[in-house]
Amino acid sequence: MLRVADLHVHYGSIEALKGIDLEVREGEIVALIGGNGAGKTTTLKTISGLLRPTSGRITLWDRDLTQVPAYRLSHEGIVHVPEGRRCFPRMSVRENLLLGAWGRKTDVSADLGRVFSLFPRLAERSNQVAMSLSGGEQQMLAIGRGLMGRPKILMLDEPSMGLGPMLVKLIFQLITEIHEAGATILLVEQNARMALAIADRAYVLESGRMVLEGAASDLAQNPAVRRSYLGEK
Amino acid sequence: MRIPRVPRPLRPRVLTSRRQLGAVLDRRGLLLLGLVAIAAPVAAPSDFFVRIFILALIYVVLSSGLNVVVGYAGLLDLGYVAFYAVGAYYTSILTVRVAIEGWGISPQDLWWLFFLDLVVAGLLAALVGVLLGYPTLRLRGDYLAIMTLGFGEIVRIVATNWVDLTNGVAGIRGVPLPAVDGYVLRSPVLLYYVVLGLAGLAVFGISRAVRSYVGRAWIAIREDELVAEVMGIHAQRYKLLAYAFGAFYAGMIGVFFAHLQQYVNPQSFTFWENILLVALVILGGQGTIWGPALGAVIWTVAAGTALSVPFVQQHPETRFMALGLLVVVAVIFFPKGLLGGRKLRLEESSANGSEEAAADRQQARGAGEAGVDPGRFLSLPAPDPNGVLLRCSAISASFGGLQALKPTDLEVRAGEILGIIGPNGAGKTTIFNVITGVVPRRTGEIRVGEHVVGRVRPSAITRLGIARTFQSIRLFREMTVLENVMVGAHMRMRANFLSVLWRTGHARMQERTAHREAEELLRYVGLWEYRAAEAGSLPYGFQRRLEIARALMTRPRVLFLDEPAAGMNPTETDELGSLIRRIRDDGVTVVLIEHVMRLLMEVSDRVVAFEQGEKIAEGTPAEVQANPLVIEAYLGPES
Amino acid sequence: MRLISRLGVLLVGAAVVAAACQGGGGQKFTIGFGGTLTGEFAAFATNMQKGAQLAIDEINAAGGINGVQVEMISVDDRGEPKEGPVVAQQFCDNKAVSVVLGYSFSSVALPAVPIYDQCQMPVLASAVTSPKLSGSSKYFHRNVPTDAYQGAQMGEYAAKILGLKQIASLHQVDDYGNGVTEAFENAFKGAGGEIVSSDGYQLGTKDFLPILTNVQQKNPDGIFIGGFYPEDAKIAQQARGLGMQQPILGTDGAANPELIQLGGDAVEGLVFYATFDPTIDLPAVKKFVDAYKAKFNEEPNSWAALAYDAVYTVKKAAELAGGNSRDKIQTGLGMVKDLPGVTGTTTFDQSGDRAMKLLFIAVKDGKFALAEKQP
Amino acid sequence: MIEQHLANGLMLGAIYGLIAVAFTMVYGIIELVNLAFGEIFMSGAFVAVTLSATAVVLFGTVVPMPDLPFWLALPLAVVFAAILGGLIERIAYKPLRRAPRLAPFISAIGVSIFLQGLGQSIFGTSETPFPNPVGGPPIIIGNVRVQPLSVLILVIALGAMAALALLVRSTPIGRAMRASAQDPDAATLVGINVDRIILVTFMLGSALAGLAGILYGANFGFAHYYMGFIPTLKGLVAAVLGGIGNIPGAFLGGMVLGIVESLGAGLVPGGAPYRDAIGFAILTILLWLRPQGLLGVRLRERA
């Protein structure tokens, strides 16, 4: 469904991605794991158009997205929930969610109802401004806002970052639920253990190159992965 | 025959100054520049150009002085010209209205007053700078700009309307030309050399100031005032110093201007002048030594020579249309200024293979081999009798009615690693903020050892041996890695401002010591190779470590780490764990907020758990992990 | 480093080129014209510039000065005092320039005077009226009378001829406004009148309601404005808007046809004095007015007229002294006596000022006309 | 008498308020102090006066003009100002989106200088008369006299401000504006064309500045290429007074500044020449006591 081929991205003179290939099939959860500075966030930002690749192709159902401006991509069905949640801090929960459906006139309130039923905490706080929410609630809001965009593919960047163990579990549970409801998900996670637990397939990125890929369960058994990313000595 | 090079002593200048200079200007370059400056009036085809050069040099002083405030300390000042006015009016009033008209002294006998006034007016302007700067200290960014604009206008309007003192718009006439022992410097060429001397003095003084710990403090404030404060920099004091120092030069050159014109009136000190000066600083490159000077020369000479172009003479407004266009084009193509934005990057730093750098490296390595113990810098005072370093009793904090931290007791014992856990919004970071003075506490008492901490600025708390890092990394991104760490030495820099300008032996030695310590700390955290890289260009995990090194540079008794492992993978997290242990073993007590339980539970001696602004559990890691309240609120079952 | 040394070379190079451009001429009589040609207050100098240009064109058509064609170099000082010496130096350095005209602001002329003094350049200014310039240098002349003289004339006129008893005075806070108003007030009080209020305002003020609201309370029987026509027009409009119907007196600053365009009905009846009256029935004036209108599409004002006369005064000086050098012009200016022009006759006194008779002019039916009552 | 001074200040304040709102909108979205509003202000006045004349002198030559009625010339001039503002944004600010903070500010200064010179080239150095579009006798309430035009100015300004505040608060486009202001990247990710939103904001702000220029010109009976400078400075001060970024605050700031100036110039003996200083002094004192402005919210330091 989503295919990334030979993607190169530069920050100034530094090459952050050195030709990566990646594929997400419909209905999958694909995890992208790797160390700091490996290029995980860069990959997502490039797919969602925030960064321009130096070369390479990004296609969704064979439609070339490489030259589509960033703001169009969410309308194409690529929705990116960025690292650090990035809710609109001085707007209410409801306004944040409505913005998720920006540009769409139909069925907005129905979608709003669906998100509220998925995240009852948000429904309770729908008139609070986003900056007054706790970290976990903000993450729910960010994901909810993403869902409002009716994603064909939902890209989550470090949804567990900075959350306590219980919340991390809750967020992963929610991701599984969303997936079971039919969403295709590309997940970037530092918490490789959890990510591999829920993913169908996974990629391992190191210094801008894909070094491993395969079924998530296989990778979770791979000794190199276990040593580098699962913290086994 | 080859003469073996003797390794030179370690020179801190090498790494720090070049980047700040913007354009690299070595000794040869300086010499050449000096020669060009000296030859300029002789080479000039007519006195008209000499007059333009004189104006250009006046603007060099003004823009360089303003650069201290805007470019280094990061305070957008739209009222700087007021200090220039203070200097010009001070000398005019004293010379003409008091001495010549009031006391009937002949101008010939007053020639020395000009030279005296250069200094006195500079000091007076500095004083006014402090007075005007004081009420603006709380303001940030654009508010500050508008307020300084207001001050500038007020000074001008008062000068216009206080006729008894300033003679209003009519101005003060008959200010004598500069003279030496009665010989009047009537020739523009001689006047040029006077102002060249003043400009040289200004650029020299400013370059010395900014290449010292004072300059680092200014840049730190510009980059992140709160963090600068936490590094022990009394931000308000240094902002005032920037105002005063910048104002000094404006006052000084104002004196020259008045005597050059033999006349002052408020029309020379308009808002337009302020705008122009800010534009010159930005166009040339704010925060570089030569940028603003270059901007001033280009602008003045271009605007001046345009006066001779027949087309411009017929359509005078095109002179300013062209300048306007030029500004837009220049800003679009050089947004950081002509000399700005030339930074040493990661790759360049290793390519910086000059002999000097090599000598540096060798020297530093030598020092390491000589068995210097990194922990030496982490020297600790003797622990207090109860073994408690920090005791908080019933401290609390609230924002806008929301009580973020309910009255809480907390003690930190010497030599331990204390872990703090809790869900988001539980008040963990707030505790850090209250202890480090970043957030005012509503109630309670904090003791460091025997010392009761009053309601003081963060910098004062840092002086008590408390250092911290931030949850979201807050480095001085535009400074190099080494400079970042050196900022941490700020509290130990005792050379006063004058000896910094004079670069006394004491000041130099101090700078060298800080440099050496910073390099060793960088080696301690494993970042030595990156010391010349810009901090913002480091990978994320390195930035975390750099923040720790910078905090350690303040030689703390207690180090507060706020989620240092956030965003690290397990391998990095493990490395971080051993670094934290090493820091503790070297004698620094550590307080650690962390969500990564594997790390926290492994390294902590004790753990405190918070929820909703309250302490809910305290004990050994095992105890806390087993605490049902903690499990319910935070860890969840099966942890 | 290379950047900076290259820049130095570049600058010096540019200077040389510019200087080369600057030389030239030699066969021409060159007049320097300095004034504020850009910025908020550019109108005064552009008017003078036009007047001078007209005179130069006429003279050139008639064979020039002492047989030499005349050209004018205009330089903008932007109204900035710091430009004063630079512009002066530019004229001094240019050996072709033998006299300098113009000047919009005394504050720009004052720092320029010592430079002209040094290079012995005669100056004949046409719009600066500060008493401080009187006798500031033997090279400095002007063909516009000083504020002190003009203001006093108006004060006496208001009290004695118009018979006003109580006047509220408004003045722009600068050399010109302060000087002219002080003279006016003293003369008016000396003649038995009373000044009920005296308020200042900054040049360029648009909103006079605060002052006028106060003036209205005093209910004077006349309002005097020591300022320029844009402000005169606004004061008149706003005063009429508040329902004040008192007669308004202006100064030579009002002597500009724009006053009527800007002020409309509100300035009807406004009385002021001037050195120049476009409606006066003299052949020379009519010729000047017609030629000016034809060339510039607008009515001439007194600055245009003064600069026009200044050029003819320079011509006369050159002819009297028998040469076109700075030296000769300087000598010649001292010899000019009762030279007729569109602004009356020109003679310079010891301090370089011009003594002359003022005309009192009123706005009548949307036009300037000699006031009914003349001294 | 004090009532009269208040009435005087109210009208002046309405004009300052409009410019302040223009500053605040643009500042709110890209943190830029757009000093070029001064020249947009000027262009508004000139276009209105030009369209409603039978002929004007442009570049020194007489050009016939359509002689439109004021009520038609006004909206056309406002549209012109909006388009000019949009052009400036595209040419001088958009390339600087990722540049250091002060760069666009300096670019704005450049634009301002350039347009001033252009104004002088086109319209000459003299003031152009601006005929009073609303004649008629003054309205007298008690012992206060106001011009019908002043009342109209107040009504137009209040209407424009209210419409704008409503637009930003309660419409989707307003929501998108706020979102782009608070987090442009996140706004892009939800599908908002941030560049276009910024352009729209600029055009709206420019329309207001142009409107302010027309009202100012009509009220004081002139148009001049330098006319925008001082009122714009005042508008900026007003925006800061009100707490920059806050639309009703900016308008309130304008009102406060207008009234304080009028009272200061009228009631303080010898105060008239100091009127500009009065405004700045108030600003200084207020910022000292309340650094976030009248209605601004103090943002808590993140740590």
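To keep things simple, chains are lettered A, B, C and D as they appear, and every chain counts its residues starting from 1.
One rule holds in what follows: contacts are C-beta pairs under 8 Å (C-beta built on N, C-alpha and C of every residue); 3 or more make two chains touch, one makes a residue touch a chain.
The structure displayed is predicted, hence computed values, not measured ones.
J.: Using mean Cα positions as chain centres, tell me which chain lies farthest from subunit C.
T.: A
J.: Express in whole angstrom the distance between the two chain centres, defined as the mean CA positions of subunit A and subunit D.
T.: That gives a centre separation of 43 Å.
J.: Can you give the whole-Å distance between the Cα centres of subunit C and subunit D?
T.: Once rounded, the distance between the two centres reads 35 Å.
J.: Please compute the C-alpha centroid of subunit A, do the same for subunit B, then give the distance between them in whole Å.
T.: The computed centroid separation for subunit A versus subunit B comes out at 39 Å.
J.: Please tell me the distance, in whole Å, between the geometric centres of subunit B and subunit C computed from their C-alpha atoms.
T.: Whole-Å distance between the two chain centres: 51.
J.: Check each residue of subunit C and list the ones that touch at least two other chains.
T.: Residues 37-38, 42, 173, 200, 202 of subunit C touch two or more partner chains.
J.: By residue number and range, which residues of subunit B touch two or more other chains?
T.: 160-161, 317, 319-320, 471
J.: For this entry, which pairs of chains touch?
T.: A-B, A-D, B-C, B-D, C-D
J.: In the complex formed with subunit D, which residues of subunit A make contact?
T.: Touch residues, subunit A against subunit D: 48-50, 69-75, 79-82, 86-91, 95, 98-100, 102-103, 145, 149.
J.: List the residues on subunit C that touch subunit B in their complex, please.
T.: It comes out as residues 1-5, 7-9, 11-12, 14-16, 18-22, 37-38, 42, 73-76, 79-82, 84-87, 89-90, 92-94, 105-108, 110-111, 114, 118, 130, 132, 173-175, 178, 200, 202.
J.: For the complex, give me every residue of subunit A touching subunit B.
T.: 12-14, 34-37, 134-136, 158, 161-167, 169, 190, 192, 227-231
J.: Residues of subunit D touching subunit B in their complex?
T.: Within the complex, subunit D touches subunit B at residues 27, 31, 33, 35, 91-92, 95-96, 99-100, 102-107, 109-118, 120-121, 233, 236-237, 240, 244, 273-274, 276-277, 280-281, 283-284, 287-288, 291-293, 300-303.
J.: Using the touch definition from the top, list the residues of subunit B that touch subunit D in their complex.
T.: Checking each residue of subunit B against subunit D gives 70, 76, 135-136, 138-140, 142-143, 145-147, 149-151, 153-154, 157-158, 160-161, 226, 271, 275, 278-279, 282-283, 286, 315, 317-321, 323-328, 331-332, 335-336, 399, 429, 432-433, 438-439, 470-472.
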